[in-house]
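Naming follows writing order (A, B, C and D), and every chain is counted from residue 1.
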Amino acid sequence: MTDTTPTPPTTPSLPTVPPPDVIRCAYAELIVTDLAAARAFYVDVLGLVVTHEDDHALYLRAFEEYLHHSLIVRVGAVPALSVLAYRVRSEAELDVAEAYYRQLGVRVERRPAGATRGIGAAVRVEDPLGFPIEFFYTAEHTERFTQRYDMHPAGALARLDHFNVNTPDVPAARRYYEGLGFRVSEDIVDGDGTVYAAWLFRKPTVHDIALTGGDGPRLHHIAFAAQERHQILHVCDHLGALRQSDVIERGPGRHGVSNAFYLYLRDPDGHRIEIYTHDYYTGDPDNPVIHWDVHDNQRRDWWGNPVVPSWYTEASDVLDLDGRVQKVVPRTDSNEMDVTVGADGFSYAREGDTSTGFKLGTQI
Amino acid sequence: MTDTTPTPPTTPSLPTVPPPDVIRCAYAELIVTDLAAARAFYVDVLGLVVTHEDDHALYLRAFEEYLHHSLIVRVGAVPALSVLAYRVRSEAELDVAEAYYRQLGVRVERRPAGATRGIGAAVRVEDPLGFPIEFFYTAEHTERFTQRYDMHPAGALARLDHFNVNTPDVPAARRYYEGLGFRVSEDIVDGDGTVYAAWLFRKPTVHDIALTGGDGPRLHHIAFAAQERHQILHVCDHLGALRQSDVIERGPGRHGVSNAFYLYLRDPDGHRIEIYTHDYYTGDPDNPVIHWDVHDNQRRDWWGNPVVPSWYTEASDVLDLDGRVQKVVPRTDSNEMDVTVGADGFSYAREGDTSTGFKLGTQI
Amino acid sequence: MTDTTPTPPTTPSLPTVPPPDVIRCAYAELIVTDLAAARAFYVDVLGLVVTHEDDHALYLRAFEEYLHHSLIVRVGAVPALSVLAYRVRSEAELDVAEAYYRQLGVRVERRPAGATRGIGAAVRVEDPLGFPIEFFYTAEHTERFTQRYDMHPAGALARLDHFNVNTPDVPAARRYYEGLGFRVSEDIVDGDGTVYAAWLFRKPTVHDIALTGGDGPRLHHIAFAAQERHQILHVCDHLGALRQSDVIERGPGRHGVSNAFYLYLRDPDGHRIEIYTHDYYTGDPDNPVIHWDVHDNQRRDWWGNPVVPSWYTEASDVLDLDGRVQKVVPRTDSNEMDVTVGADGFSYAREGDTSTGFKLGTQI
Amino acid sequence: MTDTTPTPPTTPSLPTVPPPDVIRCAYAELIVTDLAAARAFYVDVLGLVVTHEDDHALYLRAFEEYLHHSLIVRVGAVPALSVLAYRVRSEAELDVAEAYYRQLGVRVERRPAGATRGIGAAVRVEDPLGFPIEFFYTAEHTERFTQRYDMHPAGALARLDHFNVNTPDVPAARRYYEGLGFRVSEDIVDGDGTVYAAWLFRKPTVHDIALTGGDGPRLHHIAFAAQERHQILHVCDHLGALRQSDVIERGPGRHGVSNAFYLYLRDPDGHRIEIYTHDYYTGDPDNPVIHWDVHDNQRRDWWGNPVVPSWYTEASDVLDLDGRVQKVVPRTDSNEMDVTVGADGFSYAREGDTSTGFKLGTQI
């Protein structure tokens, strides 16, 4: 359990120095309590490639990735996120990052090459949202298995796609990420100005980071991209065959936001993993931002299928740079789940809808 | 509303004369209250081919079918099923059918060619389960559009696959259908001997008819087969684009029973239509029968996704041969929904499971 | 090399006794010269399940099959087909088969249960076309891996679909197979009455056996069905990754005949294997027969892609019941390749076409 | 016919001023001789969305695009390419572009907003390779039909992906494009240092422009991206249904280079259109460059299927800024077709291969 003493989030004032030039989300490190169980999930079911493994950790990558890893799974005392890492455009950006975060007044650490296996020199910070964030450029290259189809399972994953985090104050978090050079592709709002979630990107996809309104800092999920939908469906079939259908938390389905086809799984420690495909190109400067009404029943699932409560309420704790679980600050704005589900079932698929049917408020 | 005065089902004693040689389920006729709304669903969304239409009815077929229709949608006062039709192997089987049902003691009618547009001489009966059933051999041929890919939409349907009906006493209904030469492929049972559902076939697929325990006679659904899963996913996307996601009742998903990939829709009158693909060949005499435990959480959805209550409780009324709504007889055995959902959530994915997670009893 | 002394085929006069009730094509046995190489192809690339293996043979099945095997690969001196086996409806059909073939005047042998591992008592004949054919009913059951998705590779095969053989006189061969109760679904003809190929079935698909005009008896190929096209594409990708693209002889493509999506491979001994999906239901008595003009450029490939010469000219020798290579009788009718390819390139895609472009006669 | 008087290409010396900041390839304009025939191809078969049409031109876009068009098809006297347009990051880049090309010494024109319907102010140049190139930022926005699945045909196209041009001197052309800020992802070379083709990108895919060694300047093709392979297969099926299989020039197949699944079509005037999906992310600065040996039989088709000669030899003429057909300069280096096909068939799938089979030199 985490300490949830309410420390109100502060809106960071942005630095006057330039932010580091982030290319994309690059890797995450998750703490798990049972490495063998985690291996059975990440390697045997999801089919991630093992770049390196030892008694303490698995260094994993997807088939189209050539850096050392996009996910580290490390054994520890309590399940948690230990770092989210962004790749910057060059080694010189590390100094830029250090200066930027020092001006932000948060904790900053330089890490020598090899402090994380396969990764060069890096800067780690506790960002203003409370997350442990790393910036790095140099990483060990490995073989890119794009065309090693002899190794691809039926549910092959292509690459890490994005991070999704819970944070209490989405507008504040959005301002922080925009300051870091991210742009918004889509968000979920209501008529009263409440922002429930926002999607921001550096690489030209819908997102590298999604900000989901909720008690935070917590990790909502990390997502891997597959090439086609049948690969995602196979992951479900595979889990069914293993009699582990309870690992499937939500989906498969089509998102309204991002248009991506999705699936949410829970690893043996409860960390949430999304498999994702078919979002769209966002790289032009005038890429239209899409605003979704929180009461639009198709925003989270284009087919109107219900979102399970656990998806709204459960998330992974995050560690500070000393490895201690960060305190969680409660969200004070309206929660998306509270305003969209329940006996009143006031979500709609069409503007003006009032009727409720089997899709609204009557799922078991 | 239907009269539900409980008339207990009687186990039919089987005739001593041979049954007609049924090839397969062939067509259904549904009564709808708004033909234009039905056309928007069956033609504009599902993409069924219109063989003929007039002010009263649509005669529809799927792309690989060459008989005049596999579905008639006819306008009427109340939504109902007016007939389920089986094709027999030859015209001579009509006499066999007549003799068989006369010995069964149910109502039997001969219908001249053209009594139904596109269909030759036929025998209609009120079967012992209370359903209006037709047997025919002769039918008008139309062009088979298998390779008319210029006409195929992204969600093209290939052919009618099966009927699924609610009947209170599944073992009795199964004996009746086995008497008619159908064989069981799969069923759902419990340790106390209760049979919740059974699947039976003539053509070598998992079923031509499924018997679903429930108040009956009612039509649970009719199903069309597609070739690949992406076509089913497109139907969902299409409905999302039309802001009609509430038409999607359940799925898409993978069935445990039949292994088919499925989607359940509700037409504007509430009739349930399934889109279905990837069941398996059952044509050998020793095809293994698969028994599913009603408490197996993966029997209805291989991925453990919940079944919405409406899927268990709602179904279409059926007409007698005079076009009057048949009385519905309540099921007296345990209902599948009652024993598998609710606060106790005693379904399991693995034999011996007791824990309940987000997949069991906590869906909204 | 085979002896090709021309022994003209005789049109068999059909027996007066009834033919055995064949359900479907059931298994083939291929002789290969290098069992390890064959295993690398059939098990490691195609992913067939090994029911049993020893130093002499592999007994293989696809994922939806529950009989002991649908393919035996046995080591021997020369690559050849040693038997094509049909399953009959009951053990009693063995006597029917024996009587039928004795009246046909061909060689007939009874085989005790276990003469072939996993197979019960059987009747083997040298059929009038010169092929070694087995009829059996009883076979050992194994686990049906339909839902063992944890075992399914990305190119999972579902079941044996059909045999395809070369025979010089297609009309005579067709009459023989129609006498055995098979029905024609499609054929390729020309305006002069020459029949180039015919497709015949017992189970309600396009074929259990295809008769391809050519020097015979030779085995053209055996085919396995997959569920979806991406599985067939993966087999290609897999072979590419192994740098064995030369194993891909023709395809992938869409057939005109049968409408199936196809791929032809050559095993290490040159035996041709097709992977096949998406043909159509043929089970009604009035299933329309489709006649293709041999000059229709889309008959063999719906997209007009060229057929490689090897596909027309190369095939596997067949053994007699003593294991000796059968003499091959040359075809005397026109050959499909001769009338459709070459400098004159007179195939067409549209009736009346005369122009030749990059698709006609100019492929390298 | 074009004037092919050999004017040797000159290696451009790069400007000292900065190049414009190109985002991506953005649109092409093709001259066709029959607008109705072109509409039948681009709109009725390919399903491109018509933003605007009149008697002279079609302005087309794919379903995920929100700018006014990605393809203009304009009627004219002779089939040709009239412009390839790149989008730059802002309006200010137009001045940068003008200065850059003026220093290059090529013809440069400013175009006012609306000179091309839907496009703002632009700079057009005759680039050093002889191509008519436009740079623009401002463009009219239209509805992005990403989720308008009710409008998506079975072969829906998502967005313009890349241009591919013939140019005689690939190393010189590559240096020119690298000067413009493009980076190489892959190339095809031989042991003697000959460069046969190179792929370069601005957006993080395998390419925005491919340079194919050959007589030039000519347009080899433009390519649209689809989301999944079944959509590409449907385009083939659709053309088969229209009895236009001769429109399919090459494929479908999997490229070695780029790993993309591909299909090449020829429009009614012979312009080549590729449909393309599944290349990979290239956006990191150290993205590994892949070099393919010209003798690797899997470089152009991962499955080893042959490349038709027309694909190597035929291409579209290009216009100068006055609308006159540019002179074509012959390639003087070795041609890829000459060194890879023919009776000697010295391509290989595996390093060291010498044997030739049905895949090498024996295709008809």
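Convention: contacts are C-beta pairs under 8 Å (C-beta built on N, C-alpha and C of every residue); 3 or more make two chains touch, one makes a residue touch a chain.
This structure is a prediction, so every number in the text was calculated from the model and none was measured.
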| item | value |
| --- | --- |
| Chains contacting each of chain B and chain C, listed by label | A, D |
| A-B against A-D, pair bridged by the larger set of C-beta contacts | A-B |
| Label of the chain whose CA centroid is most distant from the centroid of chain D | B |
| Chain A-chain B separation of Cα centroids, rounded to whole Å | 42 |
| Distance from chain D to chain B - Cα centre to Cα centre, in angstrom | 50 |
| For chain A paired with chain D, centre-to-centre distance based on mean C-alpha positions, whole Å | 36 |
| Set of chain A residues in contact with two or more other chains | 147, 228-230, 237, 240, 256, 302 |
| Parts of chain C lying in touch with chain A, wherever the complex brings them together | 147-154, 156, 228, 230, 234, 237-238, 240-242 |
| Sites on chain B touched by chain A in the complex | 229-230, 233, 236-237, 239-240, 243-246, 248-249, 252, 254, 256, 261, 266, 297-298, 301-311, 314, 341-342, 349-350, 357-364 |
| Residues of chain B that touch chain C when the two form their complex | 23-24, 64, 66-67, 87, 89-90, 141, 144, 146-147, 158-159, 203-204, 227-229, 256, 259, 278, 280-281, 283-286, 288, 302 |
